[in-house]
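Okay, got some structures for you below.
Below are two complexes that have chain A in common, paired first with chain B and then with chain C.
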Partner chain A sequence: MFETATQGIITGILMGAIYALIALGLSIVFGIMNVTNFAHGDFVMLSMYLSFAVGSALAWDAVATPLITAPLMFLFGIITYYLLIDRTLRQMYVVQLAVTVGLQILMRSAALIIWQAQPRALQYSFIQGNIQIGDFQILTSRLFSAVVSLIFIAGMAYFMNKTWAGRAMRAASDDLGAASLMGVNYHKTYALTFAIGSSITALAGGLVMSFQQTDPVGGIRFGLLSWAVLALAGLGSLPGLIVAGIIVGVVESLTVSFFDPRSRLLGVYAIFILVLWLRPRGLFGRR
Partner chain B sequence: MNVKKFFNPRNILILFGVGIALVIPLIFKAGQYTMLLMTTVLLYAILASAWNIIGGMAGQLDLAAAAYLGLGAFTTGTLLIRWNITPWVGMIIGGLVATLLAMLIGFPLFGFKVKELWYALSSSALVVVMQSLFMMWNEVGGPTEKYLPVGTSPWYSLRFNDYMPYYYIMLIILVVVLLVNRWIRYSKLGYSLLALGEDEDAVEVLGVNSQSSKLKALAIYSFICGVVGGIFASIYGYVHPAFFDTSMSMEIAILGIVGGMGFIYGPALAAIVMVSFREVLRASLGSQLAGLYLAVYAIILIVVALYQPRGIAPLVERGIKKAQTYFVELTRGRRADIKSS
Partner chain C sequence: MLEINNLNSGYGKVSVLRNVTFHVDQDEMVAIIGPNGAGKSTLLKTISGLVRAQSGEVKFENDSIFCLSPDQVVRRGLAYVPEGGRVFPNMTVLENLMMGAYSNPGILKTGILDEIYTLFPILKNRSAQFARTLSGGERQMLAIGRGLVSRPKLIMLDEPSLGVAPKLVDEIYEKIHALKRIGLTVLLVEQNTGYALELADRGYVIENGQIAMEGTAAYLSTSDHIKKFYLGL
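== the complex of A and B ==
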């Protein structure tokens, strides 16, 4: 009982760090541009497929694939922004929903056309194996992914606070009018923001591919998970994002180990709903 | 009733549409496949029109249509399989069960003022949750299909050999749902829903109880979805947790938006145009590449949403107005002729 719980918590914490990374991409896009990207989970799905394609074509390890997939997703983000998102900014809110849901259907069917319906996985990563601590096992690939995720989130915090591009992004989120007067071209800033958000999913996708397989409908789960993390964390706090990611990861992992693998999203849904009811700003949100 | 007033372009168009819908099955009598497709089109038209009440009028982006549809399907199916209760009763109970779930979720959600994006997300998640719950509940759901018995009388167990009866049942329900839409639109509830869809705080100040208005809209919407779910189960002849389909729920919301939010016939029109188009694509492209028809469909949805953000109903309205002025001028012109002679 105690051992199962501890094992579940360890797995949950490691997964949680990766969920925080996935939610980071969403948090940047939603927090800065106030754009609701319903297709975020499918960006992760697409990244995982790209990792698969690169990894199997060049015989690379999954964790190395973001070197190629991140620029690709950056490009994809810029194209998506100018083609679709930029045109929805001045429209009614529902137009954004319709367009991003349309994008979601498009990405899902594109994945189905290119890679067919069966799940795809890469060879086991070079960091395979376990670390044994007492009675508990830690999958090395997950530990590695979690550490990379945390380092990346820290780096992002530095970028947002210390560099001109990062400050321009935050300024645009605080007051779009004032930021444009200060010489911030919001189209460019938004395009950069969206592209960064989408290339973060490339990193996350590569990490997840080191221990998981991908299929065309996998985006639903990642989408729901990252919105739950974001709701829990609130906007504007990167440490909060990590804590929220870990809470979601632990809850998911404990539901799986104590209840039923098929119920993995039930616990996540429960916290999501409770947070919406009781604390709509999230636990660490500034607005 | 004034005969001349009744025969204005709008009513002629409506009568024309209903007439075609009534006659079409007789033309395509041979093709069962076509009948199923047209029944599916009507199903989407009903769901999109029901969505119009909560989404188009009340402005709540509900993405849980399939949660209520699936619950209605499972209620109807289980009642028939276990206790041999006719789906005619089952679908009403299914509608009520769906409404109960909607109230359980909606009461606290609206009470805590969850709205816009977060309402959309929580309703979308509800579909996923219902799917996992019914996947685990082996007595009722489970990973294998539970088949509905054919029984002795097709009218009792609502299991027909061809799709024609389903088509007409769906057509009747669609007309009823459109009338309900019309009735709500011009009632006190409709005016408060439209107002709170625009600005909730302002409406609250004016003394409208926005929570109870939204709950009423949600109740009507979820009831319709639940009832249709019962027929859905009968058409397919089984129930399965895959009925809780997130993509379908989203598609219904999109049809509502593309059709023109708040226009009574908009969502139904969008469903008829878009879903027919989707099925034609599926029939012509589906054999070559799985998923290609959905990609084309998605592109069209995006283009319509970007370039016609208010939906296709305003376009139709403009056309009708033009026809109306032309009509009036025509009759006036005739009168002028009579006077001058």
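== the complex of A and C ==
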């Protein structure tokens, strides 16, 4: 009992760090641009397929594929922004909703046409295997992914606080009109924000591909998990995002250990609803 | 320096400004006064690009800036301190000031922050604090400071006394007076007519979106219309 719980918590913490990374992409787009990208999970799905394509074509390890997929997803983000998102900003909210949900369906269908329905996976990564600590096992691939995720989130905090582009993004988030009076061109700042959000999914996709397969509808799970993490964390706090990611990861993992693997997201949704009900601005949010 | 001819502007189909014509010369302080809702703020917003003009001519240093976006206008050397200051609440005082240099980061190396701290010493003490923790008066000083960081040739101030505790209003106006002394051209929009006419060289009265009167501050202060409707004398 105690062993199972501890093992579940360890696995959950590691997965949670990756969930925090995935949610970071959603969080900056929502927090800075006030755009709710319902296709976010499908950006992760596309990234995983790109990882699969790059990894199998070049015989690369999954965790190395973001070197190529991140620039590709950055470009994909810029194109998506100017082609679709930019045009929805001055429209009614329902337009944005329809466009991102439409994008989700488009991406899913395209993945189905290109890669067919059967799941795809890459050869096992160099970081396969376990680390044994006492009675507990840690999957090396998950540990590696968690560490990379946390380092990246810390790097993002540095970027937001210490660079001109990062400060412009925060200023635009606080007051778009005032930011433009400072010389911020919001189209460019928003395009950069969306592209960064999109390339974060490339990094996350590469990491997840080191221990998991992908299929055309696999994005739903990541999208919903991201919303749960974001609702729990609230906007504006990166440490809050990590804690929320870990809570979601641990709850999911314990549900699998003690309840039923098929209902892995049940506990996560329960918290999601509770938080929205009791504390809509999240545990760490500032608004 | 700034020349506005027959400017029409508003929101959507609603017209607020009708055929507004005025000018600001180099080194002048010009006040625009008028009642609530007359279109004073709309005028500054239109010049700065936040509101899109419908027709007319807006020239700054003999170049047209008509319908440029706000980020392009500020690059010409025309800063706008909006109503209420609109500082970035979740950024520190220092970060807010740095955002003022966004269009020209190199300017931070010219000692501009020290100059602003000399003008507003309170900002130096508060530099690491989030702007949301500042009082109304401090926010207004931060907003003016942030507008000055880019070393604009002309600064437009929109109701700098709004939301400021009465005992601080005098201080804010002293600072604005100091701006004039350091050779800045200022366009001031103010509901507090007494203050505005005391500081400014010239003034325009805007009523129902149109220029109703214009003249030197001395002339306007003695006009019966101004005395009766604006100064309450």
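The rule we apply is simple: the second predicted complex is superposed on the first by the 287 of 287 C-alpha atoms of A that agree within 3 Å, B and C clash if a C-alpha of one lies under 4 Å from a C-alpha of the other, contacts with A are read in each partner's own complex, and residues count from 1 in each chain.
Heads up, the rule we're going with is that contacts are C-beta pairs under 8 Å (C-beta built on N, C-alpha and C of every residue); 3 or more make two chains touch, one makes a residue touch a chain.
Because the structure is a prediction, the values reported are computed rather than measured.
Looking at the shared chain after the overlay, A:236 reaches chain C, while chain B stays out of its contact range.
Contacts of A:36 after superposition: chain B is touched, whereas chain C is not reached.
Contacts of A:181 after superposition: chain C is touched, whereas chain B is not reached. For chain A, the partner that touches more of its residues is B, with chain B and chain C as the two candidates. Of the two partner chains placed by superposition, only chain C is touched by A:171; chain B is not. Once chain A of one complex is fitted onto chain A of the other, the partner contacts of A:134 are absent, as it touches neither chain B nor chain C. Taken together, the chain A residues at the contact with chain C in this complex read 164, 167-168, 170-171, 173-175, 177-186, 236, 286.
Taken together, the chain A residues at the contact with chain B in this complex read 36, 38, 84, 87-88, 91-95, 97-99, 101-106, 108-113, 116-117, 216, 220, 224, 227-228, 231, 260, 262-266, 269, 272-273, 276-278, 280. Looking at the complex, you find that chain C touches chain A at residues 48-50, 69-71, 74-75, 79-80, 82, 86-91, 95, 98-100, 102-105, 146, 150.
Here chain B touches chain A in the complex through residues 61, 108-109, 112-114, 116-118, 120-122, 124-126, 128-129, 132-133, 135-136, 246-247, 250-251, 253-254, 257-258, 261, 289-292, 294-295, 297-299, 301-302, 305-306, 309, going by the rule given at the top.
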